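Look at the two complexes coming up: chain A is in both, with chain B in one and chain C in the other.
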Partner chain A sequence: MAEWIEACAADDIDEEDVIRFDHAGRTFAIYRSPDDEYFATDGLCTHEKVHLADGLVMDDVIECPKHNGRFNYKTGQALRAPVCVNLKTYPVKVEAGKVLIQLD
Partner chain B sequence: MNERGMVIVGAGECGTRAAFALREEGFAGPITLIGAERHLPYERPPLSKAALAPEPEGMKAIAEAERFAAADIRLLLQTQVVAIDRKAKSVELGDGSRLPYEKLLLATGARPRGLPLAEGSGHCVYLRTHDDAEAIAKRLRPEARIVIIGGGFIGLELAAAARKRGGAVTVLEALPRLLARAVPEEIAAVMTAAHRQNGVDIRCGVSLASFGDEGRGVRVSLQDGAEIAADLCIIGIGAIPNTELAERAGLAVVNGIRVDERLATADPSILAAGDCCSFPLEVYGGRRVRLEAWRNANDQGSLAARNMLSRGEAHAAVPWFWSDQYDLTLQVAGLVDEGKHTVRRDAGEGAFILFHLAADGRLVAASGIGPGNTVARDIRLAEMLIARRAAPPPEKLAAAETKLKSLLAA
Partner chain C sequence: MTIAAFDTAKRPKRDYSLVGESTRWAVETGLASAEWYHTEVPRKTMKELMKRTDGPAIRDTVLWIALILGSAAGAIYFWGTWWCVPFFFVYGVLYGSSSDSRWHECGHGTAFRTDWMNNVVYQIASFMLMRNPVAWRWSHARHHTDTIIVGRDAEIAVMRPPDLLRTGFAFVGIMDFRYALPGLFRQAFGKLSDDEKSYIPESEQPKAVAAARWHVAMYIATVVVALYTWSFLPLMLIGTPRLYGMWHMVLTGLLQHIGLADNVTDHRLNTRTVYMNPISRWIYWNMNYHVEHHMFPMVPYHALPKLHELIKHDLPEANPSMWHAYKEVWPVVKRQLKYEDHYLKRELPPTARPYREEFHNFVLPTAAE
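Let's look at the complex of A and B:
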């Protein structure tokens, strides 16, 4: 049951940045890449339950604000210790200035 | 005789990271990781926080047994290393057996500094290991009276944890204020206020006179005549590096095992990393430091692994640490005492960051405090500015509307 949910306005997020989006008891991180594309992942780091939206986006990488674990937010791949479990990603589309993410 | 390989003494954050990093860097020979404790290597930061919570989190292993097996890392637990034979390039274990090494990494960590006055008391404890934390957690009952000696990070995180469990908490600090060693006064003041709001009795500038066990607790007497009765006394007055093994092997020890910027001792086959070593910090002109921080242990573990493989890489990281108490997190990047001037940036929700500038305007440290991770991103960006030896305009640092990231690009 693929459901598209409106997460935020496209210009709520700066380029190369991230914001937090909570929905139905879950938390997500929505990213805008330096080349102006949008991505979404689970909101919490897979190492400890820390909100990734407080972290730093550099190119394709989100760095956890607590222990500097890193993920590629486009693929969810874990890149740097202490994280070793990949991050779940979600499909994203932008329509009429709104960022929509597809939840499973 | 075993095949010669990489041997790592100390299975904490640093040693364990080094073992995995050796494999990640492509080393295919034998790796032996030797730890004194009975547990699989585990993370220490939660020991003074989540491990003491009303519903404590269990031990957080750095890696499960399957990952050690998959990486073909031989893990020797409950094992002491008693000597290094530098000529034969082998270590002697507690059972008398010998293990030859190609390269040896000493990641022996640190242990709590003892308080001689408290010796002999059955109610005074220290925190370093998981077993220590478990023993403390059992005694943090809601009706317990807890006295904590030392207003540093360990003491204050313990105070916050003990309050969450409902106990009555007194913190005794010898210096005139809390967190005097590593944190600016403005930030320590916020933390002090949070503790007082949460009902902690904080007494600074006090001198201890004596400890005496009394019934099922301990009575702590101060020089000024005050007495504090407690069910449990937790001592957190700093750590001392575990250097005895290196010393016995004739390696230089100066506030830690002395290493160069590549983490090598004077013996090219022996490296040291993490809490046990003193090393030159390039970003401060080679100032020699010893750091007791999770991030440093992690970074230096990776670096030591690369240099065990003769990469010849110099340590370039900026010191960084954090502390969580109640809903507040403080973070510090760089060494605050390198600064001559301070610029303050307010970040909303009561959070703020202090930028510490050298006389020549270079950013040398940043410290911040706020609820949750409100200051984390800016401290991380400040760390990158420090590493680049940037001298950002003070008015831009002070202005919350100036994104630090834009200063990085400048």
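Let's look at the complex of A and C:
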């Protein structure tokens, strides 16, 4: 059953940036967009299992730090080779200054 | 991935195919797709360095195109006289050498912030270099995953024991031309080698074939124009600059990894940074800061000098010139002719974090410092 998990405080993430969140043996990437919205995806690039939290956020895009593959972190869509497989995304909400993500 | 303890005795003789014994060994020991050493850089600083902007690459690309067109115009105007030679000299280097750095940076997507600009320059530069734009994108991704891991890296320029004749011919493009053009024709006929299939995902392979067909069609068109006009000039402008203009690419590019360690997971051991003159740096788009580029491939070429200043305390001292770097590595390459395990281990400054000897000590006994 899906549950909401507290990932971090909303101001732990700078605008247009990403941080890593590990939970129950899994790793996630939590994003704050330039429009001050929050998003979450799997934490590892679908190409070579590199942590996306070390990458670069540009508008709606996260670029992997190892091979420069790109995803739309809002939809998970793979945008630029060498990534071909989409990234899994998770619902996010902000409550009382905390970022929560819904995990299945 | 964790790297298993190496048993040197079980390491197979170097096999540079990507589907052979060395491949198997690299995968089994965890050298393939391993976690690599990085110098610590605060996230905020790294974000500043990674920041993308169109300005520097637009400026450099406008200049690049203007110089290419200008030198081509001069070469055409003076065709048939000796005065065309200096124009072809400039045109050749721009076409056959500077295209490599444009291909490289735009392949990474770091040159321009606007990605279609990266893609346009990448396609043009790939054509100039006789490189299949799809296949080479994947081979370069592999080069970054498994830099100079034998049996995994598709872009090892000087293998061991070194083939000096082949390396020498590379300066005039003969070997590269010899393999690049037939390779494009083979791919255009729908045949990818086992090595290519090992790093190009199945879903991308038809795109590689289609790209090869476009390139081959353009080369055939050039030959047809040359025959129709009964002039060698079209071939001097398209295709053969790959022969007479690639010396600068080889001169600078060979230094990236030659004579250094293989099968290690620390770019400080297998990659070299060399200070170069401003013209070479412009042609090479700052790839002389090569350790920095491999450690942090997201940093655009124009920010590499800043990155270098920031992390040089943790890297072997940069070679002060290309001459110095070649002088340093020549005895090592000569020795590798007899003892292929021999390599140059560049000393770290006292401010650096030490090499992770436990991962690399299987080759250390023959290292030259």
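In the analysis below, the second predicted complex is superposed on the first by the 104 of 104 C-alpha atoms of A that agree within 3 Å, B and C clash if a C-alpha of one lies under 4 Å from a C-alpha of the other, contacts with A are read in each partner's own complex, and residues count from 1 in each chain.
In the analysis below, a residue touches a chain if its C-beta (ideal position, glycine included) is under 8 Å from a C-beta of that chain, and two chains touch if they have at least 3 such contacts.
These numbers come from a predicted model, not from an experiment.
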Which superposed partner A:Arg70 touches (first chain B, second chain C, both, neither): second
Partner chain(s) touched by A:Arg20 [first = chain B, second = chain C, both, neither]: neither
Chain B versus chain C as contact partner of A:His51, first or second or both or neither: first
Partner chain(s) touched by A:Lys98 [first = chain B, second = chain C, both, neither]: neither
Overlapping contact positions on chain A, where the chain C interface meets the chain B interface: 48, 55-56, 63, 65-68, 81-82, 84
Contact set on chain C toward chain A in their complex: 33, 47, 50-52, 108-110, 113, 115, 137-138, 141, 144-145, 201, 203-204, 296-298
Chain A residues touching chain B - in the complex, by the definition given at the top: 14, 16, 48, 50-51, 54-56, 63, 65-68, 81-82, 84
Chain A residues touching chain C - in the complex, by the definition given at the top: 17, 47-49, 55-56, 58, 63, 65-68, 70, 80-82, 84
Chain B residues touching chain A - in the complex, by the definition given at the top: 17, 20-21, 43, 60, 62-63, 67, 294-295, 298, 302, 322, 372-374, 376-377, 380-381, 403, 405
